[in-house]
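Below are structures written as structure tokens.
The following pair of complexes shares a single chain, chain A, combined with chain B in the former and chain C in the latter.
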Partner chain A sequence: MLEAIVGGLTMLLTPQAVLFMFIGVVYGLMVGILPGLGGIVAMALLLPFAYGYETAAMLALLLGAHIATIWGSSVTGILFKVPGAAKSLALIFDGYPLTQQGHASRALGASATAALLGGILGAIFLAISIPIVRPVMLFLGPPEYLMMALWGLTIIATFSEGSLLKGLVAACIGVLIAFIGMDPVTATPRFTFGSIFLLDGVSFPVAMIGLFAVAEMMKLYVKGGSILDRDVTEERSTVLDGVRDAIRHWWLVARSSLLGVWIGVLPGIGASVGGIAAYAQAVQTSKTPERFGHGAIEGVIAPDATVGANEGGGLMPTLAFGIPGGESMAILLIAFVTMGVTPGPQMMTNHLDLVFAMMWIIVLANGMTTLIGLGISPYLARLPAMNANIMVPLVLSVCFIGAFATRGDIEDVIVAAIFGGIGYIMEKYNYSRANLVIGMVLAEMIERNLHISLTLHGDWFLFTRPITLTMFIFVIFTTALPFYRNWRRGRMVAASTGGRP
Partner chain B sequence: MSRRAQENILACLLMAFFVGVLVLSLGYSPRARLVPVPISVLGILLLSAQLVWQNLRSPDELHVDMLEFLTRRGGRPKDDAGNADDEAADQGAAAAPPPSQFGREVLAFAKVAGFVAMFLLLGPFPSVFIFVFAYFSLTRHYHWAKAIIVTTIFVAITYALFVEVLDIQLYHGLLEPLVNSL
Partner chain C sequence: MKTTWKTALAGALALVLSAVMVPFGGEATAGMYDGKVITLIVPNSPSGRMTRYARLYAPYIAKYTGAKEVRVVNKKGGGGVKGTNFLWVQEPDGMTIAFTSVPTLILAQLSGSEAVQFDATKFVYLGRAATEPRVMVVGGNNEIKSIQDVMSLNRPFINPSQGTDEDFYTLAILADAIGFDLKIVTGYEGQADTGVAIIKGDGDGLLTSWAYTIPMVEAGDMRPILTIWEERHTDYPDVPTALEVVKAEKKDAVEAIINMLAMHRGFFGPPNMDPTATAELRKAISMASADPELQAKGKEQGLILLPSDGETEQKRIVQITKASQGLKPVLKAALDSIK
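Coming up: the complex of A and B.
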């Protein structure tokens, strides 16, 4: 194994591989910052240019671009409350308040460092856990994935932006919006009203562009001024403060990274669930949970570490079974086919050096992204200070072109505008937009796994599979825990004040 | 219109949405409606509870923060840099309600709708040019000459990025046949 680790690194130490990784990272950062275009688009566009070069160089280009888009999408989430991709959604909860308070540099520094540490820890965890991971992956089936999705949905209750009821209503709306289009199980068009465009469903990036970017620009127009709070005239912290924060919260980074690896390892779960779960565990384990949502740096560190580590985990099912861990991994599979490499169990024996080369790419590309990111963060941090009269037309233009570019359908521009209006109203009346997006993310996973579970294991699958039942009890426990704590705290307060409120 | 009335109208609209989804779902096969029906029923129940909740509480209590509810902490929290929020300012703000922004909100919706309409008619880049230039000029942020320069540079960069680098296929707008026929 040690030989494979060294062999993997040696494959990357060629001028071509290093140059391709650099190009990939710079390109990925650019694409990541554009709304609606994430790692999948970046990799898909690079694929035709990557043929005919060294295997390691080709992988460095593709994976380097993909890794860089992750931090790129975090940047817009932190600075403008516009998550570039679903996986960066959790960053808006605390990243944006930090920007408003004049701590954008610090948030960007913490984000980049957490992503780097997450990437490194993720690669290490994965290398150690390769022998354990395979049997676990084979052990879990659709009923267990269903429980994980339900867990993700119940997490919503613990960090709704507004009221609990409104948060849950928003999640229900998100779930139902995700059902627009052709039902993949029964081939029934649902809620399409005869529209051919709606058969494909509502594009996820387009909905996010509308809900967050367009709505935020409308809000900024109504408010006037700039994104920063009126009393903030200059940056109150530096990028290095953020770096120190990420290192100081090393235990949170380690926990979040481990979570990221395991979520990445499970095919079909995706980093979006990982980022949300990481945020929830950061809130639940914090001694001062009331700071979250108002600019807690841990709320930036945890999701970024998870998403950084997730990529290493996502490689596992892709390489070991040929099952893509996510959409971007599906593109990587296509690249393997062109290289003549067949992913599967033999990959872990015959091509172990290639597996470790990819681990190294994740580590090195993360390092390169962080270095560039830390360098440009002070300049990026100045963007929110721009006047609304400049920012609104420019950001709206990029958003609508981005919405069109997502699928090349002009109808997506209309969808983005409609979601912009919905997002503005939701924000005004405290219906959590994030919950709506989480509902959309998890809806398909819940429905697909429920159907498969019922078909494979019957109506009572919950009680016939012990692991599913255990996970179900865990879901109930984690949902009820905050309420129980609140009830206990209330009793203690009542006891200490002699029954007075 | 009072805040409570606005909240009630929105809740009723959402209720209508969930009822609509429920009615439509009942027309699908049992497997196709397996998840949509319970979710829409749940939405109706939640909104009913919300309607009762928001009409039994004082208008000041309409916004309930979940984290505050769960942690039962009084007052607003300190930010991460340790700066306590100015509660006196908050109280002052609560005493004097903010001026109505209805006019600007209508304008915001109108501007987005107008931009999208232009996008459909003219295609992305001509509409971006007109929208950005008009915005700069009408808000008098830039002198018209400077507005043209900034707009041109922005459109050129956007075009290079989306069309040249990312190879996005252009949409030419609904008016293209009309322009071609002239």
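Coming up: the complex of A and C.
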């Protein structure tokens, strides 16, 4: 095995492989920053140019670009509340408030470092987990995925500050929006009103662009000035503060990375769910959960570490079974086939060096992205200080181009504008936009897995599958925990004030 | 002197003109596409195999039509229906054509899908790039070892499915024609999800392309039990074809579906497309398929080519339409079974 680890690294130490990785990373960063375009598009566009070169160089170019898009998507989420891709959604919850408070550099630094650490830890966890990945994949199924999605829903309480009812209303609207389009179970159009465009549902990235970025620009236009808080005149922290934050919260990074690896390993769970799940566990394990949503640095670190680690996990279905775990892995699978390598379990015996070469690419491309990221962060952090007169038209143009680029439909631009209005109204009347998005992300996952669980395992599947039942109890426990803490804190306050309010 | 001056001017003009014309010269003859942009709609994912075939062909279609560019535009959604609906309403001037899985469109139409706004028989077919056999596989550890085991099962054959794609409809037709009880469980997300479901035994089997199953069959995770093709596959000569096991009175249905699957990755244009454009595009696609450079690139990229010309595909669609009317009740029943 050690030989394969060294062999994998040696494959990458050629001028061509290093150059290709650098090109891939720079290209990936640029693609990632544009909303609507993600790693899959980046890889798909690169694929035709990748043939005819060294195996390692080809993989370095493709995987390097894919990895770099992750941090690229985080940048716009943190700075402008424009998530570059669905998986970077959770970053805006605390990343943007940090920017408003003058801590953009710190947030970007923490984000880049967390993604790097997540990538490295993810690759290590994966290398250690290789022997158990296959049995675990075969052990967990739709009922367990359903429990994971339900666990994700518990985060709604975090964003329901002030009124739990308003929080639930927002989440329900999100669920209803997710139901627009072709029902994945019965192939029946829902809420489409005869529109062909709506058959494919509301695009999640487009809804996010509208809900957050367009709404925020509307708010900025009304308010004037810049997106920074009025009392912020200069950056209050540096990129290095962010790096230190990520290292200081090493335990959170480790937990989030492990979560990311397994979410990547399990087919049927998207990376966007991963970011939200990471955020949920950061909130639920925090001693001060009330800081989340207002600029807690842990809210940036956890999702980025998870998404960073997720990529390594995503390799596993491809390596363990020869089944592409997602679209990006389908592209890698194509690359393998053209190299004459049959993906699947035999890769672990016949081409273990190639498996480790990919793990090295994940680590090195993450390192390269972080180095470039940390270098450009101080300059990027100046952007939010721009005046509304420049900022609003600039960001709105990027948003609408991004909305169009998502599927190439002009209707998506209209959808982004409509969601901008919805977001603005929700913000004004204190309905959590985050809850709406969480409802949207988790609705389909819950619907699909609930249907499959009921069909395959019967109405009482919850009680006939011990793992599902254990997970269900865990969901109830973690949901009740914040309420119990609040109740205990209330009692302590009451005791210390002698029962006076 | 005057004549000399005029001759010199004409000579200079000719020289300039010929210099300007040289870059536009080449293999294409002067035609309606010279210097124009052809839009090639692919109603599938930008990262999928369909788009890769389209991108492989695009520069060669441009080369043989003389077009400035053949621009690949992905209009993904509704299992290919959305982009095809878009093509249906385009001007039939030959400037917008499409490339996708033709059987998916025909089956979606036959099933009475509410989303379909087109009539697949009215499109103008321009040629096929490739087709490959479909295969029915079961999990490696499943009690089912052959298609005979499926036929004698005393319970339904469980098929994890992503939804109403061509494999969904094809399996429903096969179940009716061969005679086994089928339970389709929809809601799975992607091939990885359905593949793992049958490997671990949540479902019995599925229908997919031969190329997709190779790694899993080699690893013993999946077992092929039926080929949906005219003849047995050379790699697995022991696996029977659907035509060998079908009930005699249902043979037409299986032949229709095999014919349909044979149209697989095809180019087509809107109804009543301009005859000159049709002729030029059919010729260009045939020439592109025969181009050794395209063939070498296809091989390099793992894209198997099995071309067929536009006229043949157009005739095939007429036969399919006639033969497939009897399939409608089966397809409708399959759709009803998941409601």
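By definition in this document, the second predicted complex is superposed on the first by the 485 of 501 C-alpha atoms of A that agree within 3 Å, B and C clash if a C-alpha of one lies under 4 Å from a C-alpha of the other, contacts with A are read in each partner's own complex, and residues count from 1 in each chain.
Rule of thumb we're sticking to: a residue touches a chain if its C-beta (ideal position, glycine included) is under 8 Å from a C-beta of that chain, and two chains touch if they have at least 3 such contacts.
Remember, predicted model here, so these are calculated numbers, not experimental data.
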Judging by the criteria at the top, classify the pair chain B and chain C on chain A as clash or fit.
-> fit
Is A:Ala405 contacted by the first partner chain B, the second partner chain C, both or neither?
-> first
Does the superposition put A:Val136 against chain B (first), chain C (second), both, or neither?
-> neither
Does the superposition put A:Ala494 against chain B (first), chain C (second), both, or neither?
-> neither
Between chain B (first) and chain C (second), which does A:Gly167 come into contact with in this model arrangement: first, second, both, or neither?
-> first
Which chain makes contact with more of the residues of chain A, chain B or else chain C?
-> B
So, A:Thr188: does it touch chain B (first), chain C (second), both, or neither?
-> both
Just chain B (first), just chain C (second), both, or neither: which does A:Gly420 touch?
-> first
Pick one for A:Tyr221: touches chain B only (first), chain C only (second), both, or neither.
-> first
First (chain B), second (chain C), both or neither touched by A:Leu371 | neither
Chain B versus chain C as contact partner of A:Ile196, first or second or both or neither = second
For the combined overlay, can you note the least CA distance between chain B and chain C, rounded to whole Å?
-> 5
Shared chain A surface residues [contacts with chain B and with chain C] = 41, 185-186, 188, 408, 447, 451
Touching residues on chain C, where the partner in the complex is chain A = 45-49, 51-52, 55, 73-78, 81-82, 85, 113-115, 117, 158, 160, 163-164, 185-193, 195-197, 199-200, 202-203, 214-216, 218-219, 221, 297, 300-302, 335, 338-339
Name, in rising order, each residue of chain A that touches chain B in their complex.
-> 30-31, 34, 37, 41, 45, 94, 97-98, 101, 103, 157-169, 172-173, 175-176, 179, 183, 185-186, 188, 190-191, 214, 218, 221-222, 236-237, 283, 288-297, 387, 389-390, 392-394, 396-398, 400-401, 404-405, 408, 410, 413-414, 417, 420-421, 424-425, 429-430, 443, 446-447, 450-451, 482-483, 485-486, 489-490, 493
If you look only at chain A, which of its residues touch chain C in the complex?
-> 40-41, 43-44, 47-48, 51-52, 137-138, 141-142, 182, 184-189, 196-197, 199-200, 267-268, 317, 321-328, 330-331, 334, 337-338, 342-346, 407-409, 447-449, 451-452, 455-456
The residues of chain B that touch chain A in their complex are 6-7, 10, 14, 17-18, 21, 24-25, 28-29, 31-32, 34-36, 39-40, 42-43, 46-47, 49-50, 53, 63-73, 76-81, 83, 101, 104-105, 107-109, 111-113, 115-116, 119-120, 124, 128, 131-132, 135-136, 139, 141, 154, 158, 161-162, 165-169, 171
